[in-house]
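Each of the next two complexes has subunit A plus one other chain: subunit B in the first, subunit C in the second.
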Partner chain A sequence: MEQRPATRALRVGIPEGLHMRAAMEVAKLLGRFKSHVVLVKEGQRVDGCDVLQILSLAAVQHEELTAEASGDQAEEALAALAALFDNDFAETEETTKEKG
Partner chain B sequence: MKFADFVLAESVQASLAAEDKDGVIREMVQSLLDAGGIEEEELESIIKAIMKREELGSTGIGRGVAVPHTKHPSVDRLVGTVGVSHDGVDFQSLDGEKVHLFFLLISPPDRPGDHLRALENISRQLRDDTFCRFLKQSKTADDIRQLLEEADNNQFGS
Partner chain C sequence: MKKLQGIAVSPGVAIGEALVMDTEGFRIPRRFVARDAVEEELERLHRAIDSAGAEIARNQQAVAFELGEQYAAIFEAHLRMLEGAKLRGELEEMIRDRHYSPEYAVSRTFRRYAELFEKLQAETFASKANDIRDIEKRLLRNLLGRRREGLSKLTSPVVVLAHNLTPSETANLNREFVRGFVTETGGPGSHTAVVAGALEIPAVLGTGPFLNEVSGGDLVIIDGDEGLVILHPDEETIARYQHEAEELRSLAIQLEELRDLPAETADGQRVVLLGNIEFPYEVDHCVARGADGVGLYRTEFLYLEAETEPDEEVHFEAYCRVVKAMQGKPVTIRTFDLGADKVPHLPEPEDERNPFLGLRSIRLALRNVPMFRRQLRAALRASAFGNLRIMFPLVSTLLELRQAKMVLADVVEDLEERKIEFDRNVAVGMMVEVPSACMMIEQFVGEVDFLSIGTNDLIQYTLAVDRSNKDVVGLYNAADPSVLRLIDMVLRAANQRSVPVNLCGQMSSNPLYTMLLLGLGLRRFSVTPSAIPEIKKVCRTVTIADCEEVTRRVMLMENARDIKNFLKGELKKRVPEIAP
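Up next is the complex of A and B:
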């Protein structure tokens, strides 16, 4: 029997909204997990590993999304994703380095 | 937001001549200047800002598409242009593929929502393979303008 997906509420904190670099960070992060993650905004469902699909959400600051993860590493993927949102997408080694 | 809300029709280019990243960005910003979308004295500053954004990570998002962009205080509304490179340009894209379709955006620093809505429109249309194929096959600026108009009339995308 298939398990129900694990879910996590996410809130866009940055003034720019879920812009391109943030969307790329999300896709890159989720690509590291075996779990399949779907992002949902007001009924619109997109693949969390697809930058174009994430951008088509046009999620502005303060908007809420739901992440649904299924398969192996679902909880790990959601925890990492929540941390990325909580840290305003700034915590990867690359961007930290670039911001100096 | 529709293409007509931010793409300067006179600036679109069906066959970009540049063969590298810097050249494509310069060619497209120049086309915005020629179409009256930006001020001449801001040209170099805008090109520099777009290149700086590229240094943070390529805006080549895969599928042969790149969306170079920047915020810039010299524009009071979002302006953009579309360019097609038939040979393709190495843009250090996510998937390593050459880029054929370019959407360049310059937005006022205080209007992040407009920028996001333009990205939403572009990404929604690009998810449609027919739109991408037709855009790539465009031979003239008129072909591109017609295609963008059709997209604005919901003839592509989901």
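Up next is the complex of A and C:
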């Protein structure tokens, strides 16, 4: 993977923080793309498809994360992820339709 | 090698493989696996993850069907956490590179995540620790399979190491395979301690936390005499303890020869040796050692083992078994001797800030007369089958004794009316274990058929010390001159009126005090069945004149330490093989 990964800043909007259900939605969503996505918080890097690791980031409300996507569908994955964060993790029709 | 100091509650030495129970009663297995077993163990891990995953998926479907999708989401999250690649990688690395057993790897890893979440400030994350534990347990259950039953299904000798064992868990220990046990919590007054003595296996309680330093299968030594637990012992230590265990065995064989010889002093004074028991099966220990009867049958277990109050028949069956087994030799039943906090079916006490000074024992029995009557009725009915005596514990005033006797008289009347058979001459006595009873002993002896001095409580109340409190336990001492003076008062008053008196606390089971007690005029010892041979040995070696001289000198001394050292020396001179 020579090329630099695509990145996107994310902000946790929901009051509960990146808790179990939210972490699960993230993992579920990213599982639909070929791209490999890493979530980064203050230097801690975790696999975006791994619920336990996302939880261990302990991202609370108003905290910022960075998503780094590489490989095929990197941009699509990041766009879908950003939409999920923007919609406060409500699994809306649009996010469901965006699957790859 | 690491030595831990705990509280010695049951003597002897046990050397064996550890069986480690965690706080939730899970059996923690071996920590390491052999190098050539790694592939097999990895396979076992994967199978366990797969079947745990399948279980979660089934739960998810069932809950989704019954309650709706949103409730099933938690299981979906569990499934995804379990199947995360990082977790699997971490577990595999521990097994492959560090040769951890899969079970150990799972507990280590999940505990780390649980701790991580617990430390987080945000409430929502801290509560995730429970989810982590839930997944851990599911995975462990799958890994351990049948082996998780822990204590109930043993097939080889072990020493049990646990955070805590409840009295009924202790009582149900498999006596064929459990060679000894250690708990991190607990103290000498606890019921677990009493049961350990009853099982006659070495036990140490209250060591403080150590379970994370040991794993299943490790070699552990329990020194029940010194209250020591030795983890990872070196060769020299193992050899030393093996030697000691060997000597104890040969001493036991030697003492066994005393079984059919009478307990009498060298100058012909007959001494009565009785056994203290808690469970009906212990009556066999008494018979096997040639006891003259049961001096103390504690009945608390009937209450502790059951969810609801035991009915009259439960009492009756237990008492009958003991009375019949003793074949006409006396059996002294001590009535209910618990605090309200220990009995699940009684209402929670309101003001119990000091349970030892609170509503317990005879006080509680007199507040719950129907319950008290059930026990007395069963005891009286059992008296038709042998030589049974009834004893009231913790009597502190004459009024209490009279009230208890009135309840008993009432039950007697009832049985007579219904023409139910019982022994009309059943002896009625009391425990002397509160200083107030000692001070009023002249009055008490006129109203009872016998007395039994309970030194465990007497020492505690005389010196105002809680012996489970390590900061003050040093004050708790049977050899304290104040305690000896109270015992002296009671023995004098009872002997003068020819009221039989025995001593049933731990003091009477300790050969260190046998000469002193004989010298004070005690002729009836009620002891842990396993101590009968040793006490008999001392009795048969000494003369009463000799003991009286020892006692005269002891009563001139001013502190417990001098008295104990003196007694040690005197015992060593006469019976070197059992001197401490």
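Everything that follows uses one rule, which is that the second predicted complex is superposed on the first by the 90 of 100 C-alpha atoms of A that agree within 3 Å, B and C clash if a C-alpha of one lies under 4 Å from a C-alpha of the other, contacts with A are read in each partner's own complex, and residues count from 1 in each chain.
As a convention for this text, a residue touches a chain if its C-beta (ideal position, glycine included) is under 8 Å from a C-beta of that chain, and two chains touch if they have at least 3 such contacts.
The model shown is predicted, which means the values in this text are computed figures rather than measured ones.
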{"item": "Clash or fit, subunit B versus subunit C on superposed subunit A", "value": "clash"}
{"item": "Touched partner set for A:G13, first subunit B, second subunit C, both or neither", "value": "neither"}
{"item": "Touching partner for A:D47 - first (subunit B), second (subunit C), both, neither", "value": "second"}
{"item": "Partner chain(s) touched by A:R21 [first = subunit B, second = subunit C, both, neither]", "value": "both"}
{"item": "Which superposed partner A:A58 touches (first subunit B, second subunit C, both, neither)", "value": "both"}
{"item": "On subunit A, positions contacted by subunit B and by subunit C", "value": "16-17, 19-21, 24, 51-53, 55-56, 58, 60"}
{"item": "Parts of subunit B lying in touch with subunit A, wherever the complex brings them together", "value": "55-57, 59, 61-63, 65, 67, 69, 94, 112-113, 115-117, 119-120, 122-124, 126-127"}
{"item": "Residues of subunit C defined as touching subunit A within the complex", "value": "73-74, 76-77, 80-81, 84-87, 113, 116-117, 120, 122, 124-125, 128, 131"}
{"item": "Of subunit A, residues touching subunit B in the complex", "value": "15-21, 24, 51-53, 55-61, 94-95, 98"}
{"item": "Subunit C-touching residues of subunit A, taken from the complex the two chains share", "value": "16-17, 19-21, 23-24, 27-28, 46-47, 49-53, 55-56, 58, 60"}
